[in-house]
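After this come two complexes, each holding subunit A, first together with subunit B and then together with subunit C.
Coming up: the complex of A and B.
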């Protein structure tokens, strides 16, 4: 998994596969996201090609961290397999998801 | 070059170096592929051309290489799977391999990644397990068999097993706020046409119906 921050460091675009081997990279990503001021957080998933349950779990950890920090977290643009995994696990009930 | 053409039984060897060398080792007419250095039994003699594909890899390689993607790709070449079925096989195999590696071979429990602190600790814990040679090189087996109408992909770990009847449902886990690493087995139930646990829970068999003409 790769990621790129844009603008104010509260928006990040992920790409590639997001799986259980990516926990170190995702921690780095979260540390930077939550180091920003209290602005809404956006994780752009449009270029993520594959996600597994561990990747989904890491997004849920980010959601919990956002909740603790009273920050709004939005997932943007899931496509293909990622979108279908969201449907399987009913992520739309747990996150704000933008098309 | 990771591929070593084996004897007429279709046995090949993977060097454990890369996804590319694994794809070469799994290319037809391979029937069984064994990673160099893996600790565990070798495949028995099989008839070449059988409707099966086997892979024996180390737990460490399951962690470090996209085994599920490459293995599903090797099946796609043999069976001409649709994009939809290829995706389900790839995703389900990824879940089964992760469960086998984490809970079976490494013996790590549920909840390892349920929060930020646990996630931060998990890498050190996993690397500590892999520092123990016999654990790092312990075997995980993948075996696909197919016949008219059915593809079965079985994953066998090196652990003590688990029973799906004791696991809460996805609904129960979400209601309880338990949303971490135990989700994999529950996702399998949604992606596969049938799943079965065998050998005391150390083997999970993932079944997929094949459309007419496949297999």
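Coming up: the complex of A and C.
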């Protein structure tokens, strides 16, 4: 998984596969996102091609952290397998998801 | 009509010059003879009419019996058909229950409810998978943090080793200086010995700590590896099974709805058939009325026949010469019988009317409705 920060580090665009092996990188990514000032956090998933259950679990941890920090977390542009996984797990009831 | 006029004889021509009483009597007798012949023909016609009436009455009675028998048989068949239609309606009705749901422990559960239960259960499973994934990753992060802390403790242990080494060197130097000072260095030697003992104790403690930290680190690593194996079990396929099952369940519900419509149509059609057949059973009872009417007709014909017989008998009694045999006018009878298309009926009429034989009805139903092979049986 690769990622690029934009918008004062409050938005990150991920790409590639998002799986268990990315947990260390995702922790770093989260720390950087939550270190920003109190603006909405956006994780852009438009270029993520595959997500496994560990990836979903990491997003849920990010959600918990956002909730603790009273920050809004938005997932943007899921496509393909990621979009289907979100639909099956009804992620729209847990996250704000932008098309 | 009836050929009565056809047999009328031409009156003899008037003589050109009638002469005397004989001629006058002869002239008076000629009309009387014509009248007598005419009356004889009426008598013959009455006799024939009697036979025709008797034959017709018998034919009607026989036909009535035949209709009654056939109608009863038909009614019985329709009744069986009605019963079958009723049973079929019940079966189709029970098919509705089967189409609408399945029986579970004696309770009927609708397919929609089954699908909803499946969907609910799958949603719960998926939710638990998500929770498991999240908790696994939380534990991975917690173990990562713990590992880092233990690593820090290990680094502290290294620092303790360095301090202990310095302390050991300090004790050794104090001992050397104490020896060098002689008696005055006794106190130094005591302190040096204490510091040395302290250094040994710290060294032992540090070694124990190192051993324990290594055990903890090994435990964390083992736990991390174990958790990694748990967390890396990709459950995304299992999650996607829900998607597939949802599609299948929707298809099942749609199919079930279609089946319900078809079965409902079948029930309606079956009920309509049942009602129609029941109506037919009722309608087939017409033979009761038909039989009554035919009995009236037969009764009427018999009364007419008796009236004819009575007038013929009284005429014969009063005027015996009118009962003299005369040639029967068969023309109209032949015309009538030639119109019959049913050979058995024609044969009975020939036997009874023309030949005056008693008719053997035989099997009541034999030959009924069987048209004759016209031309193959020439009776006249």
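Rule of thumb we're sticking to: the second predicted complex is superposed on the first by the 99 of 99 C-alpha atoms of A that agree within 3 Å, B and C clash if a C-alpha of one lies under 4 Å from a C-alpha of the other, contacts with A are read in each partner's own complex, and residues count from 1 in each chain.
Everything that follows uses one rule, which is that a contact is a pair of C-beta atoms (placed from the backbone, for glycine too) under 8 Å apart; a residue touches a chain by one contact, two chains touch by 3 or more.
Only a predicted model underlies this, so the values are computations on that prediction, with no experimental measurement involved.
By the touch criterion defined above, A:89 reaches both subunit B and subunit C. Touch criterion met: A:17 reaches subunit B, while subunit C stays clear of it. By the touch criterion stated above, A:65 is placed in contact with subunit B alone, subunit C being left untouched.
Touch criterion not met for A:74: it reaches neither subunit B nor subunit C.
In the superposition on chain A, A:56 makes contact with both subunit B and subunit C. Residues 19-21, 23-24, 27, 52-54, 56-58, 60-61, 64, 81, 84-85, 88-90 of subunit A lie at the contact with subunit B in one complex and at the contact with subunit C in the other.
Residues of subunit A touching subunit B in their complex: 17, 19-21, 23-24, 26-27, 30, 50, 52-54, 56-58, 60-61, 64-65, 81, 84-85, 88-90, 94. Of all residues in subunit C, only 123, 126-127, 129-130, 132-138, 140-141, 144, 228, 231-236, 239-240, 242-243 touch subunit A in the complex they form.
Contact residues of subunit B toward subunit A in the complex are 63-64, 66, 69, 87, 90-91, 94-95, 98, 102, 113-116, 119-120, 122-123, 170, 174, 179-181, 183-184, 187, 190-191.
Residue ranges of subunit A in contact with subunit C, taken from their complex: 19-21, 23-24, 27, 51-54, 56-58, 60-61, 64, 81, 84-85, 87-90.
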